[in-house]
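Note that chain A is present in both complexes that follow, paired respectively with chain B and with chain C.
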Partner chain A sequence: MNTPVDSSTGVGATAPTPAVELTGITKRYGAVVACDDVGLTLHRGRIHGILGENGAGKSTLMKILIGLVLPDAGSIEVDGARCTIHDPIEAARLGIGMVHQHFSLINALTVWENVALGDAGRLDPQAVRQRIGEISDQYGLVIEPDARVGDLTAGLRQRVEIIKCLRRDPSIVVFDEPTSVLTPDESAQLFESLRHVVTAENRAVVLVSHKLDEVLNSTDEVTIMRQGRVVDRRPTAGTDARTLATAMVGRQVSLRTERAALGVIAVDDLTEIGDSGVAEVDASVEPALSIRGATVIGAGGVRLLDDLTLDVRPGEIVGVAGVEGNGQRALGDLLSSLVSLDTGTVTAGGRQVAAGRPGAMSRAGIAVIPEDRHDSGVVLDMSVAENLVLVNQRRVSRHGVIDQAALRDFALRMIADFDIQCAGPDAPMWSLSGGNQQRVVLARELADDPAVLVAAQPTRGLDVGAIEYMTERLRLAAASGVGVLLISSELEEILDVATRVVVLHQGRVVGEMAHHELDLERLGLLMGGAAA
Partner chain B sequence: MLDLFRAIGEIFTAESTYINGALFAGLLIFAATGEWVAERAGTLNISVEGMLLAGAFTSAVAYDQTSSVALGLLAGVVGGMIVAGVQAEMSHRLAADQFVVGLTLNILVFGLTGFLDREIAPATKIASTFDVPLLSDLPLIGQALFGQPWPFYLLYPLLPFSWWLMYRTRWGLEVRAVGEDPQPADVSGIKVNLRRRQSIYYAGMTSGLGGAFLIFVQVGRFEDSIVGGRGFIAIAAVIFGGWTLWGTVGGCVVFAGALSFRLSVQGLGYQLNSEMLQSLPFVVTLVGMAIFAHRVRPPGALARPFVRGLT
Partner chain C sequence: MTEIADSNVVAGSGQPAGGPASTAPARGARVAEWVMWYGLSVFAALVLSAVLVEATGGSWRPVLSALIDGSLRAPGRWGETLGTAAPLLLVALGTVISAKAGLVNIGQEGQLLIGAAMATYLGFVIGGPGPLNMLVVLLAGALGGALWAGIAGVLKYWRGVPEVLSTLLLVTIAGQAVAFGLRYDWLLLAPEANRGNRNQVSDQIPDGSRLPRHTLFGNEFPVTVFIAVALAVLVAWALARTVWGFRLRMLGRNPRAAQRAGVSQTKYGSAALLIGGAFAGFAGAAMLAGGGFAFGNYRLVPGFSTNIGWTGLLVALVAREKALAAIPVAFVFAALRTGSGFVGSTGVEGRITDVIQGLLVLALLIPPAVIFIRDRRRARAATTART
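And then the complex of A and B:
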């Protein structure tokens, strides 16, 4: 079993037995094929990138490798031995560990308790703390074992995640979208320790990502997935962003928005900042929305918003940049009337709005595209028409009774205006794709001619075409005189459309730049909390 | 007014107030300790009422058949765990709604034990009293805490054991993890619903003991109103205690104090509207909940079912 395999298998001709060999992996969920005859070969001492858009099947493939999902067909060989992996404990026994994007740490528990989770045998806090110390020293990942995970920053939480994975000394490590919640600085640090894990200790590493520059800069070879299939695999050296992006999307990538969505704002693109497609608005214009000294204190005394002051003027797009978890959600909730203020005021159209009173923001002309579409944007089991009038039924009702004909007319008009792909006004919301669901939300929010449009993570989970459409709509809204507030954790998206950027850190606005004074380095520093 | 103060003074200096208080608190603590474990694992286990009643009935029948208090206690555990089994398998294997299951179980156990009680009519009595040397001679609380029928003393090891189980063992860590956030627990390789079922069985065990406690320590004979809503007071005590063990015990003591106060008022011959007195413990519970319920943080996944693969 341990005899070297000849060059007919594996990518590298001189490679010994691959650490992992996946062949013909197929997984179906109902009619959807998440993985279709996928093969993957991993070698020790190398970083293998898996690149693909959301929904390309990367996550499913990794869940199969880690034992969270059982494949319908295909085989898994670890160090040349065929095996079936039923759960993460079994994967750990085979030497496979995963650093999860999220979902793996429990905020209410301490660092050491989290690290100990999933082990077997007697619980020995002292031994766990000591092991954490050893790993901290070895990789330079300093952490306080008795800190509560919920109190840590995203970067530190990821550190815990890595320690949790490395403590079992896995020979194969999967990093799943590791930089999605990190500042650029933290990302750089991460890749440094990642390189060390690979070269100094001869492990096989998988880097799952949808960011091209990340894959280009840190992997040895790359597999590209699209719609559940492997479309290309090649050594990273000698390829470039354009080739990878084309393979990933399946057509020529030319539009700026698309590249932004894919994370291809590489250094050579920086010169392109300077055209957001929307003119900057003079600071003397009366703001459509004005937030003054807003403070929201959450559970446990945490300041979700801390003396936040922000203006949005008609016709401008204000981008709120920042690492996730720095008050973006609270800001969105505030403008959706979901939370009330402990101190501060919100003024719209010159009048103060009662924060936290249900519907008050919406009546004041503030429309919101909420962060989580399924959670608070649409009701999946109701029809498209019903979803279109969820916020305001006045136009289709009389004395509280809905006029079915008027509802239908209104829905048909919206479906046409916003080009919503669906079977008709009566189609249930769940039958629509994510992009079309988002169009329903957009149509509904814009239907009442709002003065302010708040878009919270409006392109999350959407494909390239849908992102392009959303960005264009935001521009159109601004052009028609709506003040747009774009809250996004995708910096590229903000750079692309915002006329003014404010940076949020720990619930405060820590910096502000007009579009013409944008400076990526300063932005990065501000996002990381450094005074700049 | 002076009379009122004198009456209250008399109540607080009467040994019987403390003895009754300890009895009420004992029952609540047996039920609430298990309930606490189940809730920390993510189940708002309302069938604790049924577990108490089932435990009381099975222990009474076992004593009737064997004349052994020890076997009666054991049978109480079995009775509580039978109810726990239905609750656990239905809500954390078949993913049925835990409230519907719990509510149905409470009604079912009430009807079933009432019917069987008439058929079997088990004869039982209070277990023999054991005075702990020296400690039982303490003024006021000596008899209350150390001069009780012997099954009372099971409380003393139960509390530290439950604490140790939850905070010093891997099982306890995993139970707390699945109650806070089952998704990462699952990703870490913990069998979420297994841990949740086991924690309900633990609640069944302690509540079954609580039922036997009613028979052998507090009341002496089975009747279908023997529990009378105190399972729900135990649930309130867990919330009141902010989902910590010692807070829960504190909640039990406060609520038991109200129950005992009611009894003492009547026992000492004071005239007060008895319906109002009956409701006192529940009013105290409501007030306690109103004050404390929003100040504490429940386990993150309390009352949320977990189905694997849904992310």
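And then the complex of A and C:
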């Protein structure tokens, strides 16, 4: 907020020719209007935040700006000249670059090879390395050009993405949800270099985000979108989280869960982390799930889990914090019987479970909401009813024959209990939205009265309402005596519900804190791999 | 909020093909669409065939007439067609089962041949009174087919060899193995007195051990026809209604979800492969014991399988892995086979009839492909709208 924004005259009123001016942008997909008469003005030397929930139209708008999507109506002016952007190459020519939310890097290649990717003509490795060096010095984005991308942390990978983008010297840079995979520390670094890009080089920067604190802390002006429309547009200085949240959601935000989802907790005040709504469980209670020295060695000798030790007691919610790619997936897979252990044991209910044997974990009472529900959570080509009995067909079958009436009754009951929006028990699973597919998984996993519930990134890709529902269900499960293991890379989510937090780094548990001794700074350090 | 918007996409926009909200009229429209596509593409294939026949100096009317005569109209012919359809259906049913488990078994031709060989061998070694021996012959066939598919199963689950390769290559080996067996009388070759001037034939299945043949309106066919149809119903029921079928389908559609739910890939996968092979082998034994001049007349001969395995695989593909749909499809393919036997008499070159048969098969394969691609495109458009 050290760039001047003249808040008395409003955004862009007296500024020189804007870098980009979008007017009346409309894009429809069938009956859905992704962008409805959206206007956006970007100025050089300023960071412009675009805030909105999932599905608010932010991404579509940005895709239109970089030529991935053609608008149905509206005009685009770059530096005062009207233009049509048909593809990203044309956008690049106009000086528009984007750092994508999902990395588009090739792990097997080195940093400089990734940066040079997509270049035409002869490859000059030396020149590319040199250019990377220049950019590194200029923006403080230190990186080793000959490192293999697969070996880098998420933060460094993003650095590569940014260098890739800046190398073409764009005058307009779009950052799409850049912090979703970063530790708090890495995010801070990112915003530092972002600020530098703007002030020193007089570029126009767009920051697309659904996290309020990011937008508050690092932008000069903000456009808030809801259901495809611009609902508010204001200078960032002088506004606060509550105002932004209300504009973004369209109603008063009162529930703590929602605010956690919006990322308010981390900025508001740390006293917020006072109560998770679930009581801490005494350490002397016999654990429902106990993992001892679990080691999983993946392809190429990489230790996906490295001597991991973890306990989950009945009635507690253990949050597994950590930057993505530090063993979360392997931990989820282990508890889904999808990988076997090289060393170590998993014990549930006092009995050792054969890791990797089909169905062993679920038979031992370990329910799982998997990280990627399409991977092991649902069968998209089967019906909703069938997906509800995927793990356990005993309740709807007799002598190995499925009782169709019982199946239907059970499905109808689950659909009603969990408020699953679908055309009926026979609707194919693929016809449901992500949030409703997640409810099917939740309903099924809870139906068997599990002793342990593993929820891996359970709210990823869901909107505020669905997040609230999911967190509430986790709390209810814990309250009824289920041991909940919440694996999440959204720190706010963990801070919000967990009674105990363990930090995962490179496949091992590097730190543990009870809820009452939570310390954000230490947490951040642990997540970043610093010994603490 | 997203959910509400999504359900609008699905329900509100008069959701196209296969939507969850497919009401009765929507289903009717879908059936009509299928009929239209099949009609259109078969018609196109017939027109193309006619052009081809005319271009090579024939005339299309007698060819079409011969096709119908050979498969249905001439005396005794539809019995012959039924008799051909039965092994096709059996092979297709096995294919459906292994395909449901997500396996690509394409070695039915070999499994069928080994099944027939095993039936011949055990049939004569064990001997025994007539009807009992018939049972031995049929079971030996199933056993042989399962054994041959089992080799692919062992390779897959023990060493990770893709079954699509192993089953295919085992076809060639099966052919060679049976040819070898037919050279030695301690294996399959008939004793010198019983083989006349032919070398490389097995003994004839004795009268009492042959499958009874049924006569209906002057058309004769083996009881295999009834067995095959009954098995089709059984397979359809087992896949749709039993826990075993449910878990098998789960394995085929999402192996990781299945693994988590306790479906062992090795156990269910190899079971599906073995059953698939058993069906093909059973078909081979039934061809042997069911008679019919086209099938070696109760004798095992080199090339005994005469492409029934391959065609059965095609039947399963065209029926889109549905056991009941395989019944009419098997009949159509059998009719093409028996019908084209008559086409030769019209003076049209033999190769042309092969081309016509190929065109008709293509015509049957195109509509599902077209509808599949279109549905996927629509689904994709709907998902893009979602994000």
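As a convention for this text, the second predicted complex is superposed on the first by the 515 of 532 C-alpha atoms of A that agree within 3 Å, B and C clash if a C-alpha of one lies under 4 Å from a C-alpha of the other, contacts with A are read in each partner's own complex, and residues count from 1 in each chain.
We adopt the following convention: contacts are C-beta pairs under 8 Å (C-beta built on N, C-alpha and C of every residue); 3 or more make two chains touch, one makes a residue touch a chain.
Bear in mind the structure is a predicted one, so any value in this text is a computation, not a measurement.
Asks: After the match on chain A, would you call chain B and chain C a fit or a clash?
Replies: Because the two structures are overlaid on the shared chain, the partners are seen to fit without clashing.
Asks: Classify the contacts of A:Pro358 with the two partner chains as first (chain B alone), second (chain C alone), both, or neither.
Replies: After superposition on chain A, A:Pro358 lies in contact with chain C alone.
Asks: Pick one for A:Gly298: touches chain B only (first), chain C only (second), both, or neither.
Replies: A:Gly298 sits against neither chain B nor chain C.
Asks: For A:Ser104 in the superposed arrangement: first (chain B), second (chain C), both or neither?
Replies: The answer is first: A:Ser104 touches chain B but not chain C.
Asks: Between chain B and chain C, pick out the one touching the greater number of residues of chain A.
Replies: Counted on chain A, the partner with more touching residues turns out to be C.
Asks: Touch check for A:Gly481: first (chain B), second (chain C), both, or neither?
Replies: neither
Asks: So, A:Glu386: does it touch chain B (first), chain C (second), both, or neither?
Replies: Touch partner of A:Glu386: chain C, not chain B.
Asks: Could you read off the angle at the CA centre of chain A, spanning the centres of chain B and chain C, to the nearest 10°?
Replies: So the angle at the centre of chain A is 40 degrees.
Asks: Going by the contact rule set out at the top, does A:Ile89 touch chain B (first), chain C (second), both, or neither?
Replies: first
Asks: Which holds for A:Asn436: it touches chain B only (first), chain C only (second), both, or neither?
Replies: second
Asks: Between chain B (first) and chain C (second), which, if any, makes contact with A:Gly133: first, second, both or neither?
Replies: So A:Gly133 meets neither chain B nor chain C here.
Asks: Check the superposed model and tell me the shortest C-alpha distance between chain B and chain C, rounded to whole Å.
Replies: Closest C-alpha pair between chain B and chain C: 6 Å.
Asks: Identify the residues of chain A that lie in both the chain B contact region and the chain C contact region.
Replies: Residues common to the chain A contacts of chain C and of chain B do not exist here, since the sets are disjoint.
Asks: Which bits of chain C are touching chain A when the two form their complex?
Replies: 1-13, 18-21, 241-244, 246-247, 249-250, 253-254, 256-265, 379, 381-382, 384-387
Asks: Looking at the complex, which residues from chain A come into contact with chain C?
Replies: Residues 29-32, 34, 53-55, 59, 227, 336-338, 358-363, 368, 370, 375-382, 386, 390-391, 393, 397, 400-402, 404, 421-424, 426-428, 430-436, 462-466.
Asks: Touching chain A in the complex: which residues of chain B?
Replies: Within the complex, chain B contacts chain A at residues 168-170, 173-174, 176-177, 180-181, 183-190, 297, 299-300, 309, 311.
Asks: Touching chain B in the complex: which residues of chain A?
Replies: Touch list, chain A to chain B: 68-69, 87-89, 92, 100, 103-109, 113, 116-123, 164, 299-300.
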